[in-house]
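Starting off with a structure, shown below.
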Amino acid sequence: MYSFKNDYSEGAHPRILQALIETNLEQVEGYGTDSYTLKAIELLKQKIGRKDVDIHFFSGGTQTNLTALSAFLRPHEAIIAPSTGHILVHETGAIEATGHKIISVEVTDGKLTPDHIKTVIDGHTDEHMVKPKLIYISNPSEIGSIYKKAELEQLSQCCRENHLFLFVDGARLGSALSSKENDITLTDLAALVDSFYIGGTKNGALIGEALVICNEILKDDFRFHMKQKGALLAKGKVLGIQFLELFKDDLYFDLAAHANEMANLLRNAITTAGYQFLTDSPSNQIFPILPNSLITKLEKNYSFYIWSKIDHNHSSIRLVTSWATTEDAVMAFIKDLNSAL
Amino acid sequence: MYSFKNDYSEGAHPRILQALIETNLEQVEGYGTDSYTLKAIELLKQKIGRKDVDIHFFSGGTQTNLTALSAFLRPHEAIIAPSTGHILVHETGAIEATGHKIISVEVTDGKLTPDHIKTVIDGHTDEHMVKPKLIYISNPSEIGSIYKKAELEQLSQCCRENHLFLFVDGARLGSALSSKENDITLTDLAALVDSFYIGGTKNGALIGEALVICNEILKDDFRFHMKQKGALLAKGKVLGIQFLELFKDDLYFDLAAHANEMANLLRNAITTAGYQFLTDSPSNQIFPILPNSLITKLEKNYSFYIWSKIDHNHSSIRLVTSWATTEDAVMAFIKDLNSAL
Amino acid sequence: MYSFKNDYSEGAHPRILQALIETNLEQVEGYGTDSYTLKAIELLKQKIGRKDVDIHFFSGGTQTNLTALSAFLRPHEAIIAPSTGHILVHETGAIEATGHKIISVEVTDGKLTPDHIKTVIDGHTDEHMVKPKLIYISNPSEIGSIYKKAELEQLSQCCRENHLFLFVDGARLGSALSSKENDITLTDLAALVDSFYIGGTKNGALIGEALVICNEILKDDFRFHMKQKGALLAKGKVLGIQFLELFKDDLYFDLAAHANEMANLLRNAITTAGYQFLTDSPSNQIFPILPNSLITKLEKNYSFYIWSKIDHNHSSIRLVTSWATTEDAVMAFIKDLNSAL
Amino acid sequence: MYSFKNDYSEGAHPRILQALIETNLEQVEGYGTDSYTLKAIELLKQKIGRKDVDIHFFSGGTQTNLTALSAFLRPHEAIIAPSTGHILVHETGAIEATGHKIISVEVTDGKLTPDHIKTVIDGHTDEHMVKPKLIYISNPSEIGSIYKKAELEQLSQCCRENHLFLFVDGARLGSALSSKENDITLTDLAALVDSFYIGGTKNGALIGEALVICNEILKDDFRFHMKQKGALLAKGKVLGIQFLELFKDDLYFDLAAHANEMANLLRNAITTAGYQFLTDSPSNQIFPILPNSLITKLEKNYSFYIWSKIDHNHSSIRLVTSWATTEDAVMAFIKDLNSAL
């Protein structure tokens, strides 16, 4: 049984564990003030091409989102998110638990546009309603789509005109930025948004996300917020060491590119076999629409999520690839798919 | 420069990293539903001698405290804690951020007694004040003292008589239970308190704390609370594997006993050298009172915290030992101490 | 200029002020423990026909909603509400500010059905999502519709089967229960729901809402929650005296019936004049669809809200009547409407 | 039985009710945007001598405190308050429920000094602790003492030097400013503090407190916070009309002066009778220390709180006077006191 259920089934890329071993017995400062973490921050700043951003490491995505968003907002300020947004659906109300409403915008492709935002802004006119203040998007979205640079620029401009912060959930940012359709760089991202995070857990790290704060007014006292939310690890170096390893020679992007290639192999084979997809996804998650009978056959050797019912005889499934997905497994899946026809 | 500043300076015990490597590429379920985590839970239940407790793994102590205490309490219910309590002083208001007041009880030895509790209860008489509902203690306390079984029994009885939950912060529980003065077992603990946690981060783990919920009425829906607070790691197996390794042959207690022995060597030598201690600490943190001139000399080769000013010429310092503290370093410190006299 | 903008434009019914004057200089206990408040509670219990409900007085609707709902729920539990629900739209995220997510269900008539609820329940399957626990409805709804007894019975049964609390926002409950289409009594309400409130502010009181808690398990320590949210008035008798006056001879229902009659006069005349309505509203809010040119003429002598754009030439407006609306004003409006044709 | 238990036993000063009656049937705008409220705001600005302050009306003190303090602070920021502070003791954790820690400073006279503040600031050095940001004081304090102008100036300077906000709980501000020992004006107050409130409930109003925000950076979006906390009354005019009446000819200060005079009569008589006081209180609350036998006798005809046990035979009691306290009642108490000797 091979799993295409998610991109966090395995542990870390071997180089990550090796780095942890090599530095294991050194005595260092706690809570992310150690030299490895400081070096990782410097390295990420170089990769982003900006010395004036702040960078903080977290152990998971929900923790990153809830800490950052609650730190960035005053109590009456709300978030606008696409209806597929992870914080809206799959974080057990973590944001609302910090006191903030999320305004959901119905989308079909996982992405927000300036028109969506303007409609919400127009509908929030006085103090009897929350004040929209932060735009939450994910890149890639939770259904695999990615933002093009022109789209992000339009969003960015809309946000600035309306005094809104723009935040990017980058749980799978590596996959987006390594996609063949991508035209956005880390430097673009830092220029266009107020804050984003670079997901490590789903791209080779054992655990770890790197939050980048670009907007000066969001930086103050951020470590207080981290400590208050339980996000400052005593052995903070565990996170720093991993990001140092992931970015010192672009391992991070290589791993993401591999995941995308594996997804691409699957996509091409499924297309060739004559099937459609629920969404147009150029990243490491794809959503083919298959006959239920075929799904049942595939489930014998592969695990994956059944995403949605399409009609009486068809469903969409979600296939996720990762840095650890082997080409052998992908080829076996394709072979089984074709032989089942 | 050798550090006695804390017990989280180094990484993990080598066996922990080895266990992570061995299981690294297996595909497992996410969010702590993998077989390693389930085995770790079973193993801990065996060690505790109770099948009916619930066990959940966290990545840090503040996260454990804030998730558990906010899950256990209704909005108007408050916590009683000794004035030295970690949640009162060093967690950036994490508990209050979840909406709950902590009532501080002035103590000198880091420990609460039934009399303390009764005084608070007597002073909280109606709905204009919060309702005390949970007693927070740490074992060992933040200043190194430990609870004897008789003391814990009295606290437990007081709590049951007053419908209070009793919670033990066990960030350094290994050190307490491995202390030569200790007469409490894990089984005792589970019988006497409503919930406690077994700290891994400060005793050999890379990261990790194991929360044990003994009281049936505190168990419901606990994973919802974890997810909401950002505490459910996607790669939850990282925590399970560590606890499995720490407890499969009592490595956990061996490491704590080593830390205590190192502290004991220091304590004896300092006593022999004619110095007093701020507190009576039979665990891995000791607080000798030394002349400032001696402290200055020791600071050349050793790092540690200066804890408090005693008089014009003396201060207390905090020396912390751990599983990783070497006897060589301890002997060197003692030698330097004696030669500085 | 006569206002049909809302039902809180005027002060209190004269009998309310008279009651306040008559009792003004008596010395009584504070915080709602005075004899007037206790008598008002007894009287309401009689009207409801239940001795075992708890009753608490508040100064406003948002305060009632946020105090009750946050007291009734644990942190991970969420509310299901129709998309028109007041707590979703017009309370500035008051519920989310207490930490709870509200799940919005798209509705056209302002009302929830068991099917809506089941769909939400089916979609919330594990700890990565909030746990739906409380159903919020308003009677009448924010767009004037009311629940029939059979509908409420179905909702009630659905809630019990799914372990959900059912809560009714009764900001305009008088209007619903006095509607000619209504077949629900206060006794029915207390039997079918877990908690509801009887709105005073919009039906003759100066300020005041009476929360009724029917479900035993929601009653504990409720006054603690009120105090914590700033809802316990020092001069609590101000609220008790008003409800005593409103209910001692059914003044409350008489006032609501008057408001409904005034709305009915308007509705009939507008229908006769050939216009349609946005919603079928048998309560004190009606939403006629009028030509924009007619609206402009009416705005010269009457104030009201333009509710929504219907097409290029038509809009719906909201006309609200109250205990204080005079038949003269209604007749003048009708005359102006007809003469404008 | 005459009550000296508190200053909210009676309703409102008759002129207040008269003003409510006179304006009762006028149709006005809701939520505090009516002409009466606007006039009350202008009048208060005149009395304060500042056009640039913002003023908002609330229905109670706890509601005012929790709304203002949570609006003024970011999540990691904490409040410093004297141990007697109302928010620390008698508001059921209302402030903590909004997420903020209150740091208690042990005081004997109910008042904070710059030394207290500096000690707390010195002890809060990094992100592992909350960040003190707002100083909460009450004038008069909860035990009757008042601040002199020089003391307030020192506090103000200390706050500005340390980037702290200074907030004054003025639940009984009338009594403080009308005390014979007072040398502070409303204008002084607005110049020296960042925000304060003028309590109406305990000085002649039916309900009502007026929050004054002096510091520009605390003003933004304040009505959003009010709505979110349930503090915006639909019939907001009820509050505005009362403050308009209280301040249009200094009724507010006349009422407070009367209360103080009544307390003064009691104080002088008790002093003459040879008794001491727990605190030096020049406001409308006094705390005489009396023999328990005398207290028992007085309790036959008067109700009051027994404040604290002094020794085996003596206790302190609290006597509170108000605008409604009659000289007859005071004289009767004094007579009974003397005849009981």
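First chain written, first letter: the chains are A, B, C and D, and each begins at residue 1.
In this text, contacts are C-beta pairs under 8 Å (C-beta built on N, C-alpha and C of every residue); 3 or more make two chains touch, one makes a residue touch a chain.
Keep in mind the model is a prediction, meaning the values are calculated, not measured.
The interface with the greater number of C-beta contacts, when C-D is set against B-D, is C-D.
Interface residue usage between chain B and chain C, two copies of one sequence, is largely shared: over half of the residue numbers at the contact are used by both copies. For A-B, the equivalent interface within C-D, A-C or A-D is the one where over half of the contact pairs agree by residue number, namely C-D. Comparing the CA-atom centres of all chains against that of chain B, the greatest distance is found for C. Chain geometry summary: the mean Cα position of chain B and that of chain C are 51 Å apart.
Centre-to-centre separation between chain C and chain D, using Cα means, comes to 34 Å. Taking each chain's centre as the average of its CA atoms, chain B and chain D sit 43 Å apart. Touching of two or more other chains is recorded for residues 75-76, 91-93, 97-99, 127-128, 130, 224, 227-228, 232 of chain A. Put simply, chain A touches chain B in their complex at residues 2-3, 5-6, 8-12, 14, 17, 20-21, 23-30, 59-67, 91-94, 97, 201-202, 206-207, 224, 227-235, 237-238, 324. The part of chain C that touches chain B in the complex is made up of residues 31, 70-71, 74-76, 98-99, 127-128, 130-131, 221, 223-228, 232. Interface residues of chain C, counted against chain A in their complex, comprise 75-76, 78, 89-93, 96-101, 104, 127-130.
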